[in-house]
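Below: a set of structures, written as structure tokens.
You will see chain A twice below: alongside chain B first, and alongside chain C after that.
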Partner chain A sequence: MAEKKLFFNLCLTLSLMAALVLLPHGGFAQEVNSSFNPSEMSDMSDFDPNNFQQPEGDTIKLGYMQIMSGAAASNGELFWPIVTWAAHDINKRGGILVDGKKKKIEIVTGDTQGKPEAAKKETERLCLEEKVDVLWGTSGSHLAKVIADVAKKYKVPFMNCLALSDELMDEKNFNRYTFRTLSNTTQWNMAMAYYFSKRPETRFSILCQDYMYGHSMAGAFKKHLKKLKPEVEFVSEDYHQLWLKDFAPYLTKIMATNPEVLYTADWLPDGDNLAKQVRNMGLELPIANIYITLRETLKALGVDGTENLINGYCFMSGDTPQTEAQAKLMKAWHEQWKTWKAPYDSDTYAWPEVVLGSTLNDTYWLFDVIKRAGSTDPEKIIEVWEGDVFQSIQGIRTMRADDHQAVYDMYISDYTYPTKEVYPGALYSEGFAGPGEIITVPQKYCTPPVPEGLKGRAE
Partner chain B sequence: MIAKKSAPSWKQWVFPCLVGVILLAYPWVLGTVYTNIFIYFAIFSVFAASLNMLVSYLGVLSFGHALFYGGGAYATALFLDHIEGLGLFTVILIGGAAGAALGLIVSPLLNRVKATAFALLTLALGQLAYMACLKLRFITYGEDGVGGFPIPDLTLPGIASINMMTAENFYYLAVVVLSLCLLLMWFLTKTPFGSIMIGIRDNPDRVDFLGFNLPMTKAIVFVISGFFAGIAGAVYALFQNLVTPDGAFHIMTSFTPIMMLFVGGIGTFAGPIVGSGVMTIIEELATRYTTQIALFNGILLVLVVMYFRTGFVGLYLLIREKLFQKESS
Partner chain C sequence: MDPMTFILITQLVHGLAYGMLLFLVAAGLSLIFGMMDILNLSHAYFFMLAAYIGYTIAGMTNFWVALLLAPLVVVALGMVIERFMLRKIHPFGHIPELVLTIGIGLIIMEFCKAVWGTQSLMLQTPEILSGLLNIGVFRYPLYRAFIIFFAVAMMILMGILFYKTRFGTIVRAATADADMVNALGINVPLVYTVFFGFGTWLAGLAGVVVAPFLSVFPGLADQVGFDAFVVVVMGGLGSMSGAFVGAILIGLLNSFGIQFLPTAAPLLTFGLMALVLSIKPTGLFGVRQ
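Right after this comes the complex of A and B.
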């Protein structure tokens, strides 16, 4: 009897130990299908985003759908070094073996101009005239929706690594050619709400962009924070036009309501302009944000302006690379960045971090999927990607088969100063704060269920 | 004795037949991308031609013509989004009716002002519609626009039901509807009513003294112009399957047909069509090499205003005249 009890206790202890070890990694051990290992990266010392060498001949064509002109053209510029970096790396390795032949990656640009009509026209041009094999993009959920619709029509796989709105992948809008590698609005806000439920602040102001994404983000934040912390009060809630230049009327109203935290999900250029104006108007409250991460903006805000930024994202590196792989990538990128010319010589591109890091990670995931599919046939790509488990440089990412939504741990950080060296001789930042202690919100706390109508779809 | 009109020679039919054959073969020869480009061109031709009625025939410059175009586009999209079973031609007519209704609503205001004040008032009305569209999210879905609404098939009772989601099928519909609009507008300019319009442009006081009701006549022109702009908007909505404030009511949506008029040639019926064609071609070519399309459009407009104010049509007429004179001499 005593032996039986001892055996039971031993089993229980071992189970608990196993759970303790596995839980921080996002639950029980998942079998990884593939991984991105920076050790396998080719020598990138000849990489220059200003002079990307397009391969010739029979290539795998990637359609880079971004805002390349107009008020938000900075988005198109921002992600160009990301796709070209990954493509250059793969091309130097000899390309990807598809349909019995090694093919290099060619990048074809499609300018959405930040307008749905232009996005539709350009996506059609890329699909029909340029005959791209995959589509990559894009900033703006309203633009991503248009691209997803065209991708479905012409059966071209579309990796959405930038647009977050839940609606994009719900029962109504889901299509099997679109895969979202980025967290959706619910994931992000479940994580942010979890974080703020542990903090003392109770008075929040919301200021977001007035379109699908802005409303979706604010709605999700309110819903999840209220659930975890019922005493919370949303003292103001406003939505501004996209690409706004002057936030003063909104900020004056916000100041009158005396909030403890300003919540915004604004992206470029609105997020940066908003942050600058908030600080210029003397508002020193914490800004909970997702995209106020560009180093040029942080530099302009200075130490005082950045110390109260609270950033949440699915990829965070900052001054404390968490893994050896991350550190290796950070070093390779940063050393090469020192050789780049304008506009990529700016501090914004100094490190592959936050949104740059996550899209770089996702681009490697896309290429890895094509490699494993051994083909650019959309059906083969879908087959590999659905349910895929990928070891990224920041944790495991799982592509849910039913709704094509990637799920993973989220990260939140309160920006602090001074920051540390990323590696000897390379300070993370001087003159502004950066991610300090990075808090991991395990995916079990920030994973929404598959939309009801899509459950079991892939079976 | 009245001289008998000679029967049209076969040569007169060559050009229309050639155009017909080209239009028929176009989508099959040039493919979907160029077919879509042609549809854009056709939509903007009608939109610019509807503005031309105000500018070239009534002598007033509207900076807010997108009000009618966007009104037609939104009406079509919202009707399709909320009401099931609407026919294709019904929704196109709904778009036209929305444009016409807006023309009727704003005509009492527009009739009170002239020249610069007219231009500024139309600009204000266009911008009002733009802002209303952004802010009335519960109706218009704000910045995201109305999209994904069902596109009705073209049903020929007892014969066929044609899917309008394919570019080729939609092309033929657009060509027929928009050609019909252009023909009707052209016909209108040749009627006595068209002469009154020109009379108002050249000497409104004289037309008034002749006993014509000036405000009523102008109101009718606003309604007709709004109707055709609304039809263009409706076809645009069906073609895009998406209508957004930027695409429908943005200030550039009002300025684009103005530029087309200048480039094609003000004062002629063909001007807006030629202008639309030239600007579409330039935009398509420029897109392949640069993201600075507005720069190309700007340069073109400066060149037209500085060196050939009669636009491409005027330039063509000038060249033809010179050649004809040479041949005569």
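Right after this comes the complex of A and C.
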């Protein structure tokens, strides 16, 4: 099994290398405007997410829009160490020079409660009463849409680093104040389709959540994989209600179709429960996924349950940091994590990986844009960010000027065990598989088209 | 065995497993309402609290110790709440009870978030119940089979407790005529407190049993509690047999619905409930109060 996996990963890597060599010379050579510089990182040994030191006085206010209460409050908790880490780092550097004055980052929380009406009210409060300079968020495309609308109304830049739906940035919903740093539905699925087009499997089952996002993800995957690999068969396609308890009836139905891969775009808690129940049913087939990545979940699934999870994201290191910046960040984070108290002492926060790493990367990008704008004036921020090319912690990120969609290489990995030490004495994972060899899907193969109506908008 | 027969049998067993899981949660809720006339909307939160406590105890010891101890913690909490809160407001009717039990539920949820955080926690399936049960060509997850057997065992235990023991006789007598039982020198309020504790114990057991099956997170009470409430209403408030039959019906409807009518599957449960209540407003086994 391991040999087979190694063989396919080797083939894939070689084909990607060949593709890169064959690209027209200079076709993707990008000149970066700015870079994340690991040597500028502060000493973070006093950072504690449970006790973030809010600066006083004249500050740059970041509105942290997340689900902070109710059943889905895990989302708010999950990204709190991310925004506070980046803010703490910048504050220790003395802040950012804006409008002739060094200002530190203050974080103001807005609780969307997972409900559009609450998201609207809280975004308005942050914009009008708290007078935040930028908005950061948010889990749930339906909530991101509301925040984007309010951001547009009050002309506050909004960095969407968590909501995927293509529709958020299409001709109908685009606004100048919203920038999406996360990949969109098409982008993620183009990468996944590219990866699977190089693998031998041809029979796929789809099981996603039954709402716009689930259908949109599955639709994009089918479309792009079929294009690259016409012989592929989608032997079953099901959509389940959110927060499903029992996946077994779906799994029995799926097993009857004899698939080679199960594709799911489920997020929490469905993704976790699905993976757990798939393995409990004795199914060992690969699960192509986007959100079955939290380490607490992986730990519970164990080695057998986590091998053959295939994850794709725009930020991934596994046990092998891909860049010097990533290595430095991972070490600083992990060492500091050992000192954190509940709830941040859980294994979920052990490494700034996948969704945590990607949002941290994006937050640094946002601060870098403000720094280069030299102002919190939304127009100046827009001017810098549109078309910006940033050498991030992992890879080059380009913010397309026309539709404010970030494009970049994507990363995919077939989880394997055992994992290695990230640095001496710091094992990546024990008792469960993690990202093995990281396959980079070049930007060329996963760049979504600019919506027709937005082409040339920024010219 | 031809493939369709295999699928039908498997879906049947899936339906039973999920139904039995719901029964474990619904049983305590139904008993407390049937015997004490208390609509305890915090029941599902006791269930969730036990799942969290079970997660912690299992982490320190093992699943079996968690199954023994975690329900006892919620029993103690349940008895305190019955003695010092519910008993005082019970004479004022159901509305104050509903408000109080919803409030207790919210406090439990916030407590869980404060102690365990908001991330999904997963309890590993105990080693002895991992893997598959092989019966000829039929292979079935051992843990799901365990849920079925465990729920049936609990049903039998409850039958023995209520119909074959003195405690059961007293509880049933107190339900029929509390004043008379009191006049016979039996401390009826104490019986109620113990009985309420028994109901929460059932919720606690269900919480620990569900932990290796689902992830434990602050939405767990809503996720399972709502279905349990449907089971109780459809089976007939207060009827143990109703809860049992209702849970099996919902379980079967869920698994066969997914197999044959996947797009309508989520609606079937509510459709069945509406149908049952329109024909028999007191539920399948409920009696007019």
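The rule is simple: the second predicted complex is superposed on the first by the 430 of 459 C-alpha atoms of A that agree within 3 Å, B and C clash if a C-alpha of one lies under 4 Å from a C-alpha of the other, contacts with A are read in each partner's own complex, and residues count from 1 in each chain.
Throughout what follows, a contact is a pair of C-beta atoms (placed from the backbone, for glycine too) under 8 Å apart; a residue touches a chain by one contact, two chains touch by 3 or more.
A quick note: this is a predicted structure, and the numbers were derived from the prediction, not measured.
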- prompt: Can A:149 be said to touch chain B (first), chain C (second), both, or neither?
  reply: first
- prompt: Now for A:173: first (chain B), second (chain C), both, or neither, which partner does it touch?
  reply: first
Task: May I ask you to decide whether A:97 touches chain B, chain C, both, or neither, giving the answer as first, second, both or neither?
output: neither
- request: Could you look at A:77 and tell me whether it touches chain B, chain C, both or neither (first, second, both, neither)?
  value: second
- prompt: In the superposed arrangement, does A:241 touch chain B (first), chain C (second), both or neither?
  reply: both
Task: Pick one for A:111: touches chain B only (first), chain C only (second), both, or neither.
output: first
Message: Looking only at contacts as defined up top, I'd like to know whether chain B or chain C touches more of chain A.
response: C
Task: Quick one: classify A:427 as touching chain B (first), chain C (second), both or neither.
output: neither
- prompt: Same chain A residues contacting chain B and chain C, which ones?
  reply: 73, 76, 210, 241
- request: State the interface residues of chain B toward chain A in the complex, per the touch definition above.
  value: 31-33, 36, 40, 134, 137, 141-145, 147-148, 240-242, 244, 246-247, 287, 291-293
Query: Inside the complex, what are the residues of chain A that reach chain C?
result: 70-74, 76-78, 210, 238-241, 243, 245-246, 248-250, 252-253, 256, 268-269, 272-273, 276-277, 280-282, 294, 296-297, 299-302, 342-343, 346, 348
Message: Taking the touch rule as given, give the residues of chain A at its contact with chain B in the complex, in rising order.
response: 68-69, 73, 76, 111, 115-117, 120-122, 124-125, 128-129, 141-142, 145-146, 149, 172-173, 209-212, 215, 241-242
- request: Give every residue of chain C touching chain A within the complex, in rising order.
  value: 3, 7, 10-11, 14-15, 17-18, 21, 113, 115-125, 131-132, 139, 141, 143-144, 213-215, 217-219, 222-224, 227, 254-259, 262-263, 265-266
